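Structures for review follow.
Presented sequentially are two complexes of chain A, the first with chain B as partner and the second with chain C.
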Partner chain A sequence: MSRFTEKVVNVYSSGNRKWTTQLLLLLPALLLMGIVYLGGLLIFGRYSFDIYDNGKLVRAWDWSTYRAFLTDPYYWKLIGNTFRIAFKVTAWSLLLAYPLAYCIAGLKKPGWKQFLLLLTFLPLLVSAVVRSYGWQLLLSKQGFMNWVFIHLGMTEEGFNMMNNETGVIIALVHIFLPFMVFPILNVLSQSDASLKAAAHDLGAGSWRTFFTITLPLSARGIASGVQIVFTLCLTAFTTPQLIGGGRVMTLPVFIYQRTLDTNWPMAAVASLFLLVSSVVVSLLVNKGAEWLMFRRSREGGRAHG
Partner chain B sequence: MVKSGRVTKWLLTVFVGAVSIYLLLPLLMIAFTSIGSGSASKFPPQGFTLEWYANLREQTQFLDAFKNSLIASAGAVLLALVTGTLAAVAIVQYPFPGAGLLRAFFVSPMVMPKITLGIAYLILFSKMHIAGGLFGLVLGEAVIVLPFILTIVGSALANLKPVHREAAADLGASPWWIFFTITLPQLKFAMLLSGSIAFVFTFDQVEAALLLLRQDSYTLPIQLFLYMEKWQDPTIAAVSVVLIVGALALFMIIKLVLRFIPGLEGWLGSRKK
Partner chain C sequence: MSIVHESVSIEAKHVTKTYGGRTAVDQVTLQVNKGEFVSLLGPSGCGKTTLLRMLGGLEQPDDGIIMLGGQDVTGVPAYGRNSNMIFQQLALFPHMDVFNNIAYGLKVKKMAKAEIKRQVHEMLELVQLGDYGKRAISQLSGGQAQRVAIARALINKPEVLLLDEPLSALDMQLRLDMQRELKRIQREFGGTFIFVTHDQSEAMNMSDRIGVMRAGQLLQYATPDEIYERPADSFVAKFIGDTNLLDVSVVEPDSNGIRVSIMGRSLLAGSNEEPASFRPGTKHSLSIRYEYIRLGEDAAHCANQLQGRVIESVYGGASIRYVIETLDNLRIQASVPHQRGGTRYSPGESVQLGFDPDDALLLADSGTGATS
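On to the complex of A and B.
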């Protein structure tokens, strides 16, 4: 058979029909993602090599913006700020979410369980802008929190909680808490209750049972909660902008402001850095959790052997 | 031992109570502010009034923004549902070399900073001359919610048993006929679930829309965001209360519908034609 006829036969063979079906199925998504997503990002990424000179964009292939971003201590402070806030918010969320999830998973009365679940997940249905507004009302100098603090005699003229890091952290923890509760609740309600009962029967107190059975079993949930909340925090814009009032600089706020004054090269470089760091963080948390679980199972194996 | 267990339990209850207050406080504060007179940021308010609700009738920009939000979110979710489901079928049912890589690419908007996407859209759509309108926003938001559709519908597809499809194929049905009469009805629940999650998500999208929209096409979160940056009066509290009540009502309605129409779950599950 000549090469040509072979080709013709192949076109009509079933294997090839499958291939065209596949392409037709994928085509809409490929068009959307290729043009809008990849196209937009590539054009934006191209700006990172341009030069921004006193309000004017000069088309070029230049690394100077990258160099400025990675060497200037101002930007390192900015990056440090972003990571510190994300770290604090993640830690506080974990601290608040774990007991809440533990309590919900352990509740036997369906009424209370439903109530706590509603309470945890209702905020998700309310816009982040609205929730930030609520915190703005609570945290302002003459707001409710300071009213309480003054009446308790903790301060004379009220704490400053708006337009600084404290306020941003308090509000961000509130906004991301459900994302921490959900994965932990998921593993806690799946884990085997008989393990806990067995530990108890063997004489372990409730604290020991918790630290040797419940906590290690929920490691996977904690890891995915930490991963979600940390990444969301790194890229959060609405709350830092509204509560921080432009005075709390994080990378997304910085990117927004550079875009407004048309410094697109800097916005593009900072965006790229933000993207890389959020990907790296999720990979690291994943690997870290796997390593921890693997080490545990190895130790368990040794103890049995 | 029993005593220490009781103390722990008591401590846990107090702690969870405190967290519950923390979760509810901003929403309660908004409700309280919406009926107070005078400056919004001063506690306690000077008196009580319903004027902010009465004023809402004149603030038509919020209603317009709400309509824009509905249109943009519905459009984006529909677009993502169609493209995402088709792509999921291709990736799950007809695996090919590089399918995993393609899937990773389709899911990657999840980790992409939304503010970055917002700027990228602004630049791209200005070049395509569709910046400022809702059409561009629909395209942009569809990209953002595609990962939800792809992962949820994809895992539902992977759990389907191939028996029905094989039977239909043995009886001579074409792949397209099989897709519409067998696979699609089995995916109803996954599509509804992922669609609802995607809808809630796009409805609240600020970052990607903030830079992109013109004044007459602002969506609700954008309108609220910009109003908040400019003004400090309790109008926004009144709007927020309406939104919160709306969200609660929607939640209750869905719950009631699911409870009182027992056939619905079956319909959503696996009724086959």
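On to the complex of A and C.
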């Protein structure tokens, strides 16, 4: 993401604009971010040191909530759950999105392109709640999907896809697919067709061309998509809550429940943990993309001299 | 031209390609011998790049055959052919350094690492980029990028190297340097090069043979001097070098040439073909190169003589170019060699001009647009 912002800034900064003008232009966004985001963070940061004692909040400067969160196996299972779901959703989205983006990027007729783009974009036009209820109809024991599976003879009494991880993952992949498709589509449609022709000309068949040219050059798009989808998954609340039916516990659901019983310190600690892990994941993904892109490119695999 | 038997490197036989009803390449037949440097020359959209891509296997012909090294390769995709292409945009892989760009073809062939290393360094020497192996592509200048592209293609030891206007993005000086460089590389490497360009001087400078194309057709395929001195039709004459094209009608074949008339004035013309093949009354183009027009005393013993007035005179150092209007309102341009102190005519001056039948070629009109 940071690379993307860098690019945008490069395009729009004209250099000769006065810094006061720049500041005025930035001010509304800065104020909003400053008050809502930073302010909220600070307040939550303060809460995280308070103590929750039998339904009562006690002002304090204490690490006990942190200690409780980071040492209790129950919380680690919760963290593991959240990350596992995020990982699975990201992997499935990538698997589905890449061929789709590749196909759309290769289309010559603008009409078809528009149509497929719209189709990809469509899930975002429906509210998360409505969409989740829609999935409930499809995924439930007597739902449409199971009707199909039973008729295909794949199962006798239908799969359990509601109120468990499977359902949550299916619904999340559906919602977040566009966020994976668009960044990948973006890099694929910018890539130069003559590079592929050159690889063919040098003797590489379609698969080799894909793995040595197309894929490494789309690494940036994949990285952006993975960052967006993974962080969105880590923080997803509506879908796990509605489709999981309380049986799929993820960090956001957990945070929500803690705020309900006014355990603000625990909610704050979990939130801060979520924030930090999102940032760490983004950084790791960036490094991964770099590796994917340049792994084959240096002489004998050695670092750039 | 040569009578010695030379083996054919690549050959197109009656190759045709259509895009959405438009014929891009129309029944082209072309033979390139081993070690030859051939240019395909023509205006943009004439089909030269399409022809090249078909030779390289990046496009497949709708009709016709392509032979590479004596084998029919029609329908074989680019990665199955022993030919390599240098693209107009060079198409260097931006995520690899110079070494890996050049090594790409060998890695595909699964050659041993040490051997790849040796050959890449040999190639880097050939294109004079010895220490550039670890450079990123984005760090190269235009000329260096050219050399990398050449090395990346040549390392595969292609039967034929196909070049799609690779010099067109360079500025004038660099372009001339790269022309010489390409010729040197071809000499040292000893391969067959087919070079697509729209720049006639580039084609003249480098080629053993030139194929002039227009609207999908190969109009003439011959050595540069043949094309210059004996163009196949008025389009070729106009496209290569500077020439006056006059619309004339044939009067009758003569013992010294062909008698033609323009605006009621009779002229004697020469031809590449049998004079008797020009039927009286038919319209043709008469091509007289700027430098074949003689002025003043030099014109006195020419078979064709005209009287005119200088409209414009442009000093060009070694020569002076005149625009002259004759009494019949014909506009004729002449390029006269000049030395210090030589005769110069200024605008408004009357001048005698003349040319010999051998210098005035009666050409088949190549159809619409060529003489406009």
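To be clear about the criterion, the second predicted complex is superposed on the first by the 254 of 305 C-alpha atoms of A that agree within 3 Å, B and C clash if a C-alpha of one lies under 4 Å from a C-alpha of the other, contacts with A are read in each partner's own complex, and residues count from 1 in each chain.
Note that in this section a contact is a pair of C-beta atoms (placed from the backbone, for glycine too) under 8 Å apart; a residue touches a chain by one contact, two chains touch by 3 or more.
Quick caveat: nothing in here was measured; it's all calculated off a predicted structure.
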Which superposed partner A:Val36 touches (first chain B, second chain C, both, neither): first
Which superposed partner A:Met293 touches (first chain B, second chain C, both, neither): second
Touched partner set for A:Leu137, first chain B, second chain C, both or neither: first
Partner chain in contact with A:Gly205 - chain B first, chain C second, else both or neither: both
Touching partner for A:Ser278 - first (chain B), second (chain C), both, neither: first
Which superposed partner A:Ile213 touches (first chain B, second chain C, both, neither): second
More chain A residues in contact - chain B or chain C: B
First (chain B), second (chain C), both or neither touched by A:Thr120: first
Residues of chain A at both interfaces, chain B in one complex, chain C in the other: 205
In the complex, chain B residues that touch chain A: 1, 4-5, 8, 12-13, 15-16, 19-20, 22-27, 29-30, 33, 39-44, 79, 82-84, 86-87, 89-91, 94, 96, 102, 105-106, 109, 111-117, 119-125, 127, 139-140, 142-143, 146, 175, 200, 203-204, 206-207, 210-211, 220-221, 224-225, 228-229, 236-237, 240, 243-244, 247-248, 250-251
Chain A residues within the chain B interface of the complex: 18, 21-22, 25-26, 28-30, 32-33, 36-37, 39-41, 43-44, 47, 96, 99-100, 102-103, 116, 118-120, 122-138, 140-144, 146-147, 174, 177, 205-207, 231, 234-235, 237-238, 242, 251-252, 255-256, 259, 264, 267-268, 271, 274-275, 278-279, 282
For the chain C and chain A complex, residues of the former touching the latter: 56-58, 77-79, 83-85, 87-89, 91-97, 99-100, 104-105, 108-109, 113, 117, 133-134, 136, 152-153, 156
Interfacial residue positions of chain A with respect to chain C in the complex: 192, 194-195, 197-205, 208, 212-213, 216-217, 293-294, 296-300, 304-305
